[in-house]
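First chain A sits with chain B, and in the next complex the same chain sits with chain C.
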Partner chain A sequence: MNSLVPLFVIIPLGSAFLMAIFGRIIKGFNKVLLPLALLFLTYLSIKFLLGAEGTITYQVGGFAPVAGVPIAIYLAVDGLSRLMLTIISLIGFLACFYSISYINIYTAERKYLILFSLMIAGMNGIVISGDIFNIFVFLEIASIASYALVAFGIDRQELEASFKYQVLGGVASLLILFSIGFLYWRTGTLNIADISTQLPYGGIFVKFIAMVFLVGFGLKAAIFPFHSWLPDAHSSAPSPISAMLSGVLIKAVGLYVIFRLFFNMFALSHQIAMIITVLGTLSMVIGGLLAIGQWDIKRLLAYSSISQVGYIILGVGIGMLILSRQGNTAVASLAIIGGIFHLLNHSVFKSLLFLSAGAVEFRTGERNMKKLGGLAEVLPVTSSTSMIASLSISGLPPFNGFFSKLLIIIAAVQAGYYLLALLAVIISIVTIGYFMKMQKFTFFNRSRVFWQDRNIREVPFVMCFSMIILALLCFALSLLMIPSLRDVVLTPAVNVLVEGLKYTNAVLGY
Partner chain B sequence: MILFILCFVLFLIGLYGVVTKRNLIKIIISIAIMEYSINLFFILIGYIKGATAPIINDEVQAAVFVDPLPQAMILTAIVIGLATTALLLAIAIRLYRKYGTFDIRKINSLKG
Partner chain C sequence: MRGMTIIVRKITQLVAPVIFLYGLYIIVHGHLTPGGGFAGGVIMAGAFILPILANGSILPNLRKEEAGLELMESAAILGFLIIAGLGLLFSGSLIFFSNFLHKGILGKLVSAGFIPIENIVVGVEVCAAMTTIFIALTVFSEEVPK
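After this line comes the complex of A and B, so read on.
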């Protein structure tokens, strides 16, 4: 299984290359190749998720360590990476399948699919890489592809959003590169596992590097004080791309790397854990409150992403706080399970919401809720899947969002952070509020029934298919609460984080 | 040490430009300045005074070599920087065609 690891980067990168060459010559080549490639990746990642145990390492070039010092670039696939790979491939496949039909409203479908494929390659690369500079390179591949995709509509709003995203993303990348240089200066190595053994505990340098990393990846993940680009970029992109950006990219590029570095590379420190938790709480509250006033469907969803990312960080941050003061490990892993489970759930229901917003836009050409209404009768599939996703994100049983929020809140209460638990409950109620507003004004408002007269049909089968699969996943992921299933999917990912610096032993093998 | 401080000052000049300038092209130039300061920083990390290039053959027997890894990294970073700058400029040109100005105060169709 070790030799299969590089395929996660090779397949999307290779298909981008093939599409660039043959896509122009053979008609329909792109639309067949990319979904098949992503379907194969989904199969491969699920096989990894269910079949593999422990940490799988792969040394690029096959250079063995010399005297215990790793020389080759390491690829390390552990529980957390496997979960992220599954999310990326699955959501990527569904969004790509949806795009086959959706892309007809744009020209230049070849370029769109090539960029899509490169974005997947970048994200997979980040997740499997065990080398910090490699993470930077793949991060730039994913980011540059997403900058171009945000501007894909080349109209006023798209260009402006893309420029804003590029400037902030560029500054974030430079801060990350700066701190990578700093780390290399202090430790003389780039391997994450090796750095964690070389890095001195505490000290002003380590804190400085940690803060610069947090700002850099916080900008990429759109945590509260750095969130200003997200609503513009995510609402201006084509809808399947919004689904990828909100559902997967901010997690693979931002959250995953934050968790990986702060649990597995830096020794846990109480101050950093406190900063992460506070920022998570603030983004949860402020994202939720800002979402209420939005009238553009996709903008509302984008603000809701900030809020839900706050939940994820809150869950993991509470776990980090408990671990950093050597508290009860069981409560810490409960909080982290809540956070990681919410990450998985959010990628499912937020991509579903963006895809259904895209279906509404595909048929009506309108995103403003004030001008929509009464679409439930003409778009039954879109309406019902969007309803399922809205209930799920608001945290109503029996959907998956309920269970992950419940875990986070229970963990917060058990750890004694009553204020955080209360805020999580209040923002959950706010979430129900703004999603019911979206449902009412888009799909149900009967006072504006004129959309029914305009001869609108349900969206084509390929678009419905992706939405139905995601809606079924909203139900199916609730089953992860059953302990035996949870042990297969979530527990390995959580153990990687809880065990912290044991990552080094697992990767380097000593 | 003075070189590291100057390098950091260059970084801050770039950051100042990104935050305060109102012209798209000036913002892009500021990002480029930040990028160069980081490239310089990497080169400074690997540089050792009086050391030779790390090529081992019969003539060169020096005990001290400069560290080649930061140079390899920075070559990658320069290529990435080229891609980002090219994309930024392409978007800036498109924006100019739509709005007829480079002033970000007048490019404000997104609000809220």
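After this line comes the complex of A and C, so read on.
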């Protein structure tokens, strides 16, 4: 299984360029190739998730370490990477399958699918890379593909959003490159595992690098003070792309790298943990409050993403705080399980919500809730899947969102952070509020039933299929609360974070 | 886009092949001397850009050229990936990017296994990409009404 690791980058990259060449000659080639490639990746990633154990390392080029110093570019696939790979491939496949129909409203279908494939390649690359410069390179592949995809509609609004995204994304990339340069200057290596052995513990310099990293990846993950690009970019993109951006990209590019670096590369410090937790809480509260006033469906969903990312960071941040002062490891891992579980859940229901919003836009051409209404009768599948996702994101049992929020709140109470627990509960209620507003004004408002006269039909089967699968996942992921299932999927990912600097030993094999 | 005077056009005609040859030299000696696929590719792109600048061009021709270059670019990247992937198949131990060809003698032109081949592919890719960027900008400035 070891040797299959590079396939996660080779397959999407290869299919991107095959599509560029043959898509022009053979009609329908792209629409067949990309879903099949992503389906295969999904199969492969699930096989990795269930079958592999421990950390798989892979040296690109086959250069063995010389005197204990790693020379080759390392790929390291551990529990957290495997979980992220599964999320990327699965959501990628469903969004791509949905695109087969959805893309008909645009003209440049070939370019869309090529960029989509490149984005997947970039995200997979980030997740499997054990080398910080390669993370940067893949991050740029994923980001640049997403800049182009956000601007895909080439209307005034979309171009403005893409421009804003590019400027802030460029600043983020610059800061990340800057801090990678600092790290290389100080340690003389780019391998994450090797850096963590070379990096001096504490000290103002290390803290400075950590802060620059946090700002850079915080911009990519749209944590609170750096969130201004997200509502524009995620609402202007074509809907399957919004689903990918909100559901997967900000997690693979932002959160995953933050967790990886701050748990496995830098030694945990209380100050950094406190900053991360506070930023997470602020994102959660402010994103939630800003979402209430939105009337554009996709903008509301985008603000909600900021809020839910706050939940993820809150969970993991509490775990980090406890670990940094050598507290109770069981509570810390409970908090981190909550965070990681919420990451998985959020990628499922947020993608579903964006796909449903896309289905509404596909049939009505309208995103403004003030003009919509009464669509539940003409779009039954879209309406019910959207309802499931809304209930799930608001944290109602028996949907998956309930359990992950519950874990975060229990962990916060057990760790003694009562204020954070209270805020998490309050924002959960606010979340129900704005999602019920969205449901009411889009699907149920009977005072505006004029959409029924306009001969609107349910969206095509291909689009329904993706939405139904995601809706089923909203139920099925609740099963991860069963300990034996949780130990297979979530616990390996959490152990990687809880064990912290042992990552080095696992990768370099000391 | 309008062309330039006959002096510029003649000089370009003389210079462009030499530039092309120099780019080729940089690419194929990539594993021995400074430079390589990227540097050589940029120089080679100069040999394609200069005649367009000197002689001028019309929009339909530029569009046709853009399509061809896009194909060349994609084929070159695909070639790079395939050569890297061949390492996966032929190295015997399933290693991506492994140098599976015979390494040859140090300092000779034909040596270093698959590195010169990868350099050539990178050169083609960079040349096509640079020219595409130039043509895209030209097409853009032609399309926008004055």
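Keep in mind that, in the parts below, the second predicted complex is superposed on the first by the 510 of 510 C-alpha atoms of A that agree within 3 Å, B and C clash if a C-alpha of one lies under 4 Å from a C-alpha of the other, contacts with A are read in each partner's own complex, and residues count from 1 in each chain.
We adopt the following convention: contacts are C-beta pairs under 8 Å (C-beta built on N, C-alpha and C of every residue); 3 or more make two chains touch, one makes a residue touch a chain.
Owing to the predicted nature of the structure, the values given are computational and were not obtained by experimental measurement.
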item	value
Clash-or-fit label for the pair chain B, chain C on chain A	fit
Contacts of A:A20 with chain B and chain C, given as first, second, both or neither	second
Chain A residues touched by each partner, larger count belonging to chain B or chain C	B
Partner chain in contact with A:G170 - chain B first, chain C second, else both or neither	first
Once both complexes are placed on the shared chain, angle at chain A toward chain B and chain C, C-alpha, multiple of 10 degrees	40
First (chain B), second (chain C), both or neither touched by A:F133	first
Touched partner set for A:S3, first chain B, second chain C, both or neither	second
Touched partner set for A:G433, first chain B, second chain C, both or neither	neither
First, second, both or neither for A:G61, with chain B first and chain C second	second
Smallest distance from any CA atom of chain C to any CA atom of chain B, in Å, after fitting	7
Shared chain A surface residues [contacts with chain B and with chain C]	none
List of chain C residues in touch with chain A within their complex	70-71, 73-75, 77-78, 81-82, 84-85, 88, 91, 93-99
Of all residues in chain A, those that touch chain B in their complex	133, 136-137, 140, 144, 147-148, 151, 154-157, 159-164, 166-167, 170-171, 173-174, 177-178, 181, 184-185, 190, 231-232, 236, 293-294, 299
Residues on chain A engaged by chain C in the complex (per definition of touch)	2-3, 6, 10, 13-14, 17-18, 20-21, 24, 58-62
In the complex, chain B residues that touch chain A	11, 15, 18, 24, 27, 31, 34-35, 38, 41-42, 45, 69-70, 73, 76-77, 80, 83-84, 87-88, 91-92, 94-95, 98-99, 107-110, 112
